[in-house]
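Presented sequentially are two complexes of chain A, the first with chain B as partner and the second with chain C.
Then we have the complex of A and B:
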């Protein structure tokens, strides 16, 4: 072993390492840092919308538009993707019993593109919205910001393709020969599925970004109707990438729940085969539904029906995951430690979000909900409710293995209650706001619409509860990683029984894997 | 490992619900898109950041649209610059205004009153204030 584990290791040893666990730490810490940065933006947005009438917190709409754009981009591409990659980096090589990722240097390069892309997005602070629909992003979006957005997204896109290639090769080619693919743990299956999806989906958006850049420079007119192009083409290219991307964000969180739920239920998983089947199904069907974002762009009836069927077809596979979780918990001796609480909370909110999604996909109802706060509430129920809960559960689960110390169950409980309460209060209320007709992405609303004012204020109070719960999370992560009680590394939660543990996360350069 | 009947029953119930949702929305959407033959055409143009309207008889209006109760109207929706979305939430009129395309939506108001018109697709600086009003008047003729 070249690097022997030192306790504590100096930070540059982690920063300049290509070891999968170290890169995993870097990804996870970067992702969590951006989570708190984007969370501050969310708090500003919700506090601003508490009061109708201009200029209470943010004095002009341009700033507001920039804030919600960067909030969205950061949460999606600088929190959700890096944290999934980070946990994947730590666990996938252990799960397939290989010494590292297939291409360690490529792995480190893919990580180091994230801070660069993130810096471009934050320094540019574009106002194009994260979807950056043409022709606004081409003919109207102001100067260097929109171009920095294009380059930042380009870098993040390449990073995500590189890390996906790495995961696919690691899982398919470097897997231990005695380990059949069907017995690879489901979290690694989720990373395999999303990596294959990224490799298929992401190049389309990468191409669209280049076309947008040349359109902005005026040397082409792909999406510019005033130069003979068609904005609808951009929407197709964009959603062809980013509807599958929804599953790319979601499936690792589901995979993390598969790690946590059987252990804390003290029962074997109900069905490995149905979990694998549901992942692969979602990976394929995810590509059949992008048009449901575009029902109102003048799409003809037949196309709408095709995309509605494609969208509905994804529901049974998602339902199979929920069934698998419930059947695993059924009759188990469940221990509701923090990881289990967050995982179960995430399943409940996943179910609510999915039920709302069925309503969105029904064509006539989409014309009521599309582009309103209903959609904001719906996708945040996935992003906060499912992905956020899954990731937070995993952070608590990995905490003793990474730091060697135990978090405080009491403060984790405060975090859980605040986060669940806040999520329900903000995002369920936003569904109602959508039914009242409030469009998304608006800086201000007329004070005479009293129902909008009331619902916005309820949502803002929920957002403050949610924000406060994350302040508790941040404080307890920092405090207990330094001052927590030393964890019992053989069984931090006292579950007993023979379960595998990712103990190699603590001692990446030696020791047994636990699998 | 292994399936049992409970999972198949669960999946079958989910699929049955989805088939119901799909068939029902097919029927409703088919009815919604059936524009009455006598519908009067109103041209709607979105631009940063207001709506303008042109009636079949050539009358032009900006921001406020007057229509008569009990008549059917079909909107021809254009955009002069970026994407907008023409929306009257109370009458579920919602269709994007896409530059280079002409989109259609129709409605037949049966209650007199004043209703908000808004833009539901992000269109820049004053997107939030791209509002108008629809005035449905009693037909006196």
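Then we have the complex of A and C:
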């Protein structure tokens, strides 16, 4: 059956709606917008680093610091979190068979905090790095940029907590009584896990931000060494929140792969139980490893060993996801449409990034790689290689249901090849740059260091390929949402079977007829 | 299959942990002389190459399996023309391994 395309609703009707699918669309579109904005900053950074000692694009180090700070903040808090929340908003109430999120108005409020927080971050354009290291961020970072950063992050943090409470209550309290929690789809499980993690982790950072603000105002001296404070204490508070946050970024992407891989393999998921177990394990282990970011700060040996083992404990749980994906594909009849290509590419890069993570977690090796481009390569391989691929897979998966039209498989192929090639070229090369000793966050490097120059130029070319693939993605999203062929809503990819969740999402105000 | 998965996970953890013990022992016994500092630097790089060997070996196995899976179970593979047993269901993804006794 080919459904007739619905008459487009006025934009204001979607903007002021509190319905979960509308809020989900707003989250997703906002997140993708910020993705492209932060991507432009990434292109500027990589183009600048292509030419050593010349300052072609960026004339001074302060501007360079501002650009990479806002790039990082935007990618993490204005792209990764909103897109996860967006897809979660669209699918989670349907997956737990409830009419909406538990608190629809709170849900809309949580979304509208994002543009406000984003505006503060972009208008301030702080130079503190996304970590906002003390004491620089307290003593030297120029205002009002640093203050706008604090308020922007505060607003985004409150938004995260509100949306997390909403997800937890929706899943635990509003799910259909006939649906046991263990049978709730794994994407909803991933959202439940990250929401609980956010509720536990985020208040610590919220407290650290208030302490930082009062330090900046001179009222207190928590992190100010001149007032008897301890800058390392800030790092503990920061990483207690933001190491779990790594999993908060990652797990929704894994959950999205759990929705896509069985569908395109045309067979059931290999093990629901192991997926649930691995999510819960990662949710707990995420809090046992923050110290591995701080091995070089003078921690004692025993503490470092504890954090090292805590970090390595994530390996089996991550491995369970990978094996679950492979076992699901085994024996299937796999159709490699765009969502499946990106999901499988994401698994491959997830494993590569995880292998780098095992090396990072070993404290003797961490001393070599700490503060170098190795860390940049590792972190970006996770963020682009796994989270980026998972999210893009899900955007292609939901595209026919959101727009009523089909994207072009040919251009999606071009996007996939460019994105996979570019990701490998730029971020694997950054690992090598780290081993060559290049520190991260430096504005310039001497042209006499030929290995740095060559590797930076290889990485920059990779970044341009990656950027070009996203330009194709953007053009494809815009063009095919208006001019694409009408999609067969029952089975856009000709896989057979019923697509309960996205079909129900297509008709937000008509009830969930999929059941 | 589940036994294979369990063995693989245990191997992954063992490979990661065992390769660290040598360095941990060396660091516990460390002295401050320049000669031993150089020895420790050698230990660190030795550790790095051990762990990269472990990571690349496991990575090659998993990546190789994935590449083979993609090639073998793609729908265009001549061996894979006939529908799977799950495709006779109303929704092929709705069944479960546990219920079918796998």
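Throughout what follows, the second predicted complex is superposed on the first by the 499 of 515 C-alpha atoms of A that agree within 3 Å, B and C clash if a C-alpha of one lies under 4 Å from a C-alpha of the other, contacts with A are read in each partner's own complex, and residues count from 1 in each chain.
What we mean here is this: a residue touches a chain if its C-beta (ideal position, glycine included) is under 8 Å from a C-beta of that chain, and two chains touch if they have at least 3 such contacts.
Being a predicted model, the structure only gives us computed values, none of them experimental.
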{"item": "Simultaneous placement of chain C and chain B on chain A, clash or fit", "value": "clash"}
{"item": "Partner chain in contact with A:368 - chain B first, chain C second, else both or neither", "value": "both"}
{"item": "Chain B versus chain C as contact partner of A:323, first or second or both or neither", "value": "both"}
{"item": "First, second, both or neither for A:289, with chain B first and chain C second", "value": "neither"}
{"item": "Chain B versus chain C as contact partner of A:384, first or second or both or neither", "value": "neither"}
{"item": "Contacts of A:335 with chain B and chain C, given as first, second, both or neither", "value": "second"}
{"item": "Partner chain in contact with A:312 - chain B first, chain C second, else both or neither", "value": "both"}
{"item": "Which superposed partner A:266 touches (first chain B, second chain C, both, neither)", "value": "second"}
{"item": "Chain B versus chain C as contact partner of A:344, first or second or both or neither", "value": "second"}
{"item": "First (chain B), second (chain C), both or neither touched by A:163", "value": "neither"}
{"item": "Colliding region between chain C and chain B, picked from 19-27, 91-99 or 109-117 after the shared-chain fit", "value": "19-27"}
{"item": "Doubly contacted residues of chain A, that is, touched by chain B and again by chain C", "value": "271-274, 301, 305, 308-309, 312, 315-316, 319-320, 323, 327, 358, 362, 364-365, 367-368"}
{"item": "For the chain B and chain A complex, residues of the former touching the latter", "value": "1-3, 6-7, 10-11, 14-15, 17-18, 21-22, 24-26, 28-30, 32-33, 48, 81-83, 85, 87, 89-90, 92, 94-96, 98-104, 116, 118-129, 131"}
{"item": "Touching residues (chain side chain A, partner chain C) in the complex", "value": "262-263, 265-274, 301, 305, 308-309, 312, 315-316, 319-320, 322-323, 326-327, 329-336, 344, 347-348, 351-352, 355-356, 358-359, 362, 364-365, 367-368, 495-498, 500"}
{"item": "Chain A residues touching chain B - in the complex, by the definition given at the top", "value": "61-62, 65, 127, 129, 133-136, 139-141, 225-226, 229-232, 271-274, 296-298, 301, 304-305, 308-309, 312-313, 315-316, 319-320, 323, 327, 358, 361-365, 367-368, 370-372, 436-437, 439-446"}
{"item": "For the chain C and chain A complex, residues of the former touching the latter", "value": "1-2, 5, 8-9, 12-13, 16-17, 20, 23-24, 27-28, 43-45, 47-48, 51-52, 55-56, 58-59, 62-63, 65-66, 69-70, 73-75, 80, 83-84, 86-87, 89-98"}
